[in-house]
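Listed below are the structures to be examined.
Shared between the two complexes below is chain A, which has chain B as its partner in the first and chain C in the second.
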Partner chain A sequence: MRYTTTENYPAPDTFDFADAPSDLFALASGVDAKFPGWDAIFAASTKQKTFRVRSTVDSAAITPLNVGFLKTPVTIDFDNTGGMLSTSGTLWSQQRVAGDGPSWWYFGGLFLVLEASAPTIGKPVGVNLAINDTNTDTNASITTNIYGDSPASNTSGEFVAFQGIVKCYGTASGIPTFNNGNTVNYVVKAGSMFWGTRLGGA
Partner chain B sequence: MPGSTANQGFSFALAGDAPCSWAVTEQLLASQVETKSVGFDTDSARVAANNMVKISKSNASAIGFLSYDTVEFNRGTPTDLSVYNGVLLNPGYYLIGGEAQVITTSAGNNTSKYFSGGIQGAVGFVASDIAASGYSLTVEGTFSNTNGPAPWPNTAVGASAVVQATTPNTHIRFAPGGSTIDSYLYVQMWAFQIGDL
Partner chain C sequence: MPGVTPNRSIRYPLYGEAALPPIAMEATAIDIDTAATTTDGLRAGALHKPRASILSTLGIGSGQAITKASITGLTFNQLNYDNTAAQNFADLGNNRLVCRTAGVYYITAGGTADFSGSMTTPCTLQIAISRNGNTSSLPDFQPHKYFTPDMTAGFLDISVSAWSFMVLAVNDLITANFFWNAANTPTLNFANAFLSATMLCTNP
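Entry: the complex of A and B
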C-alpha cells in the first residue's frame, strides 16, 4: 500500500487484481473518515453563536448617583450559545462551547432611559457592562468593562448604546448596569436590551 | 452490489462482486467524492465571504424623509431603494447599524433616528415610548445640540443591534427623522450577516 502525500489516503502500491476490493475499501474508508470532521467545522462556521436579552417591564426609579438594572422579567429573543440567565434574571453567563478554546466575543446593547422630571442638560447617564471571567492560563480573575453614555438632552429620554469586543476564556458572565449621573430620577424602560455574538477563536 | 462506508456512504467493491463491476464501483466512488468536494467548495466561498451590504445618501437637503440612492457595496443581501428604501435580509443573524451625520446650523436640534422592519422578536422604540412587537424592530439613537454657543458643530447619531431575520426579504431601514431646519451630510446603513439560523 502507498499513501497520498497530503491527506494520506491509501492506494495500491503494486497492482494485484485480487487485492482490488480491499484497496478500494481502504481508499473509500480513508476518505470517509476524513469528511465528518469537515462537515462539523463547516456547519459550525455558518451558525455563529449569538444571543439577545430584552427587558419587558420598566425598572423602578433610579435615584441620582445610583445604579440600576434591567427589571425582571426579561425575555431571551434568541440564543444558540448555550448561555443562560441567572435565577435573578439579569446576569448572563456565557458557557464555553464544548471543545472550544478561548474566543473573541462582541457584546453590546441599547438602553432607553427616561427621566422623571427635567434633567440637568449635559450631565451624563450611562451603562456599564462588566464581564467577569477567569484566565484559564493563569487562573487570574478578569473584569472587562464596556461603557456607553449619553449626556442628558432636552429630549424625552436618552438612548444609551454600548459595545465592545472581549476575549472570553471560560464561563464569562456579565450584567449591564445603568449609572444615573444626573440630578433627577430615571427608569430603564422596557425594551432595553443587550446581546453577544461569538466572533471566532482567540 | 458494492459496499458503502459508514459515514458518507462512499462505495467500494466487495470480493464477492463480479470483477467486471469493480471499475464501475471505482467510478462511482470518484463521483461521490467529487460531489462532496463541490459542496465544500461552495461552503468555503460562503464562509470566506459573509453577506454584507451598505447603502447611503449624501447631501440631502433637509431632514425629513430620506431616500437612499447609493448601494456602496452588496454581497448577497438584496436592497430595494424604490419600495422599501432599505435592505432585504435573508434568514439569519445579523449585526445591523446606521448613522446619520448632520450639518448643524442652529441650536435646539432635536432629531430622532430609528430602524424599522420585520424582524422577529424585536422591539420597537418610538420617541420616548416603547412598544413591543413580535415582528418589528426599531432601535433609535437621539441627539440634541442644545444650549451651546455658535458655531454649532456638525453632529451624528447612530444605532446598532444584533437581530434575527426569520423569513426571506425581511426588510430593515434606517430612517432618520425629526423636526429641524438642518440638512444631512451623510446617512448610511449596513447589515453584516453573523451566521445562519
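Entry: the complex of A and C
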C-alpha cells in the first residue's frame, strides 16, 4: 500500500479488481477518520468560551473611598466557560483546560451606579476588574487591572464602562469592584454586569 | 455497498458484491464529496462569523440634528460591511442591524457630537446601544455617558463611542441612540455616526 504525501491517505500499489473492496475500505476509512478532527476545530471556533453575568438587585450603600461589589443574586445571561460561579455570583474563575495553552481574553463590563445625595461634581467614581492569574511556566502570580471611571455629574447615576484584553495562562479568576472616589454614598444598581470571551491562543 | 464508515457514513464495497469497481469507487467518491461539503460549511461559519457595519457620511457641520433632552435614534446612509450570505444583517433603510444568527455579539457605536452656539457648563452626553428598542434599562440598553464639567462656550466637537456585549436571538433589532443635556440650548448635530457588530460565539 502506498500513501498520499500530504494527508497520508492509502492508495493501492497496483490495481486489481479483486482488491477493490479492501482498497476502497482503506481509503474511505482513512478519509473518514480525518473529518471529526476538522469538524471539532471549526465548531469550536464558533463556540469559544464566553460569559456574561448581571446583578439582579441593588448593592448596599458604598461609602466614600470604599469598594463595593456586584450584589448577589445574579443572572448568568450566558456561560459556556464553566467558570462562572453562580454560588458566589460575581466571581469568574476559569480552570485550565488540559492541552489549552496560554490564551487571550477580552473582558469588559458596564456598571450603573447611583448617588445617595448630591455628589461632588467632576469627582470620579470607577470600576476595576482585577484578573488574577498564575504563569504556569514560572509559577509567578500575575494581576492585570482593567479600569473604567466617570466623573460624577449629579444626573441620577453614572454608567461606568470598562474593557481590556488580558493574556491568561488558564487558571485565571476575576471580580469587578466599584471604587467610590466621591464624597457621598453610592449603590451599584441591579443590571450592572461584566463579561468575557476567549479570543484565541497565545 | 452495505459497508459505511463510522463517522461520515462513507460507503465502501464488501467482498463478494457484484458492483463493478468503477461504480463502487463512484459511490465512495460521492460520499467523500458530501462529507467535505459539510465540513466546508463549518469552516465557512468559523471564518465568516456574522459581521456588519453601517455609517453616516454626514460630517462635521452637516450632521443629524439632535434635540436637547430627547433620546434620539441615530440615522445612517451608507452600508459599510455585511458578510452575511443574504446581506441582511445590516438593515440600512431602518437604521439598524437585524440579528440572523443567535449568539453573543460585540457591538459598537459612535460618532461626533458637533456643538455650535452658546454653551455653558455642565453638559451631559450619552450614546447607547439598544436591543429591540429598549431605551431604559440594562442589559438591553447599554449606554456610555460623557460629562463635561469644564466645557467652554462656543463651537466644540466631542467624539463619543459605546461598546456593548449582547446576547441576541434571531430577529433581534440593534439600534444606536444619542442623548444630551445642558444648562442652556446650543445646537447639536451628530456627525460621522457608525454602528458595527460582530458575532463572538453562537448560542448555544
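Please note the rule applied: the second predicted complex is superposed on the first by the 195 of 202 C-alpha atoms of A that agree within 3 Å, B and C clash if a C-alpha of one lies under 4 Å from a C-alpha of the other, contacts with A are read in each partner's own complex, and residues count from 1 in each chain.
As a working rule, contacts are C-beta pairs under 8 Å (C-beta built on N, C-alpha and C of every residue); 3 or more make two chains touch, one makes a residue touch a chain.
On a predicted model such as this, the values are computed, not experimentally measured, just so you know.
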After aligning the two structures on chain A, examine chain B and chain C and state clash or fit.
clash
Looking at the overlay, does A:Phe78 come into contact with chain B only (first), chain C only (second), both, or neither?
both
Between chain B and chain C, whom does A:Thr56 touch in the aligned arrangement: first, second, both, or neither?
first
Thinking of the overlay built on chain A, is A:Thr4 touched by chain B (first), by chain C (second), by both, or by neither?
neither
Determine, under the contact definition given at the top, whether A:Leu114 touches first (chain B), second (chain C), both, or neither.
first
By the touch definition at the top of the document, which applies to A:Asn66: first (chain B), second (chain C), both, or neither?
neither
Touch test for A:Phe159: chain B only (first), chain C only (second), both, or neither?
both
Under the stated touch criterion, which partner chain does A:Lys47 make contact with: chain B (first), chain C (second), both, or neither?
both
So chain A touches chain B in one structure and chain C in the other; where do those two contact lists coincide?
17, 20-22, 24-25, 27-29, 31-33, 35-36, 38, 42, 45-48, 50, 52, 54, 77-78, 106, 108, 110, 112, 121-122, 153, 155, 158-159, 161, 163, 189, 191, 193, 195, 197
In the complex formed with chain B, which residues of chain A make contact?
17, 20-22, 24-25, 27-29, 31-33, 35-36, 38, 42, 45-48, 50, 52, 54, 56, 77-78, 106, 108, 110, 112, 114, 121-122, 153-159, 161, 163, 189-191, 193, 195-197
Where on chain C is chain A touching in the complex?
3, 5-8, 10-15, 17, 21, 24-25, 28, 31-32, 35, 38-39, 42-43, 45-46, 49, 103-104, 106, 122, 124, 126, 137-139, 142-145, 147, 149-150, 162-165, 167, 181, 199-204
Taking the touch rule as given, give the residues of chain A at its contact with chain C in the complex, in rising order.
17, 20-22, 24-25, 27-29, 31-33, 35-36, 38-39, 41-43, 45-50, 52, 54, 77-78, 80, 106, 108, 110, 112, 121-122, 150-153, 155, 158-159, 161, 163, 189, 191-193, 195, 197
Show which residues of chain B lie in contact with chain A when the two form their complex.
3, 5-8, 10-15, 17, 19, 22, 25-26, 29, 33, 36, 40, 43-44, 46-47, 93, 95, 108, 110, 112, 121-125, 127-128, 130, 132, 139-144, 146-147, 158-164, 194-197
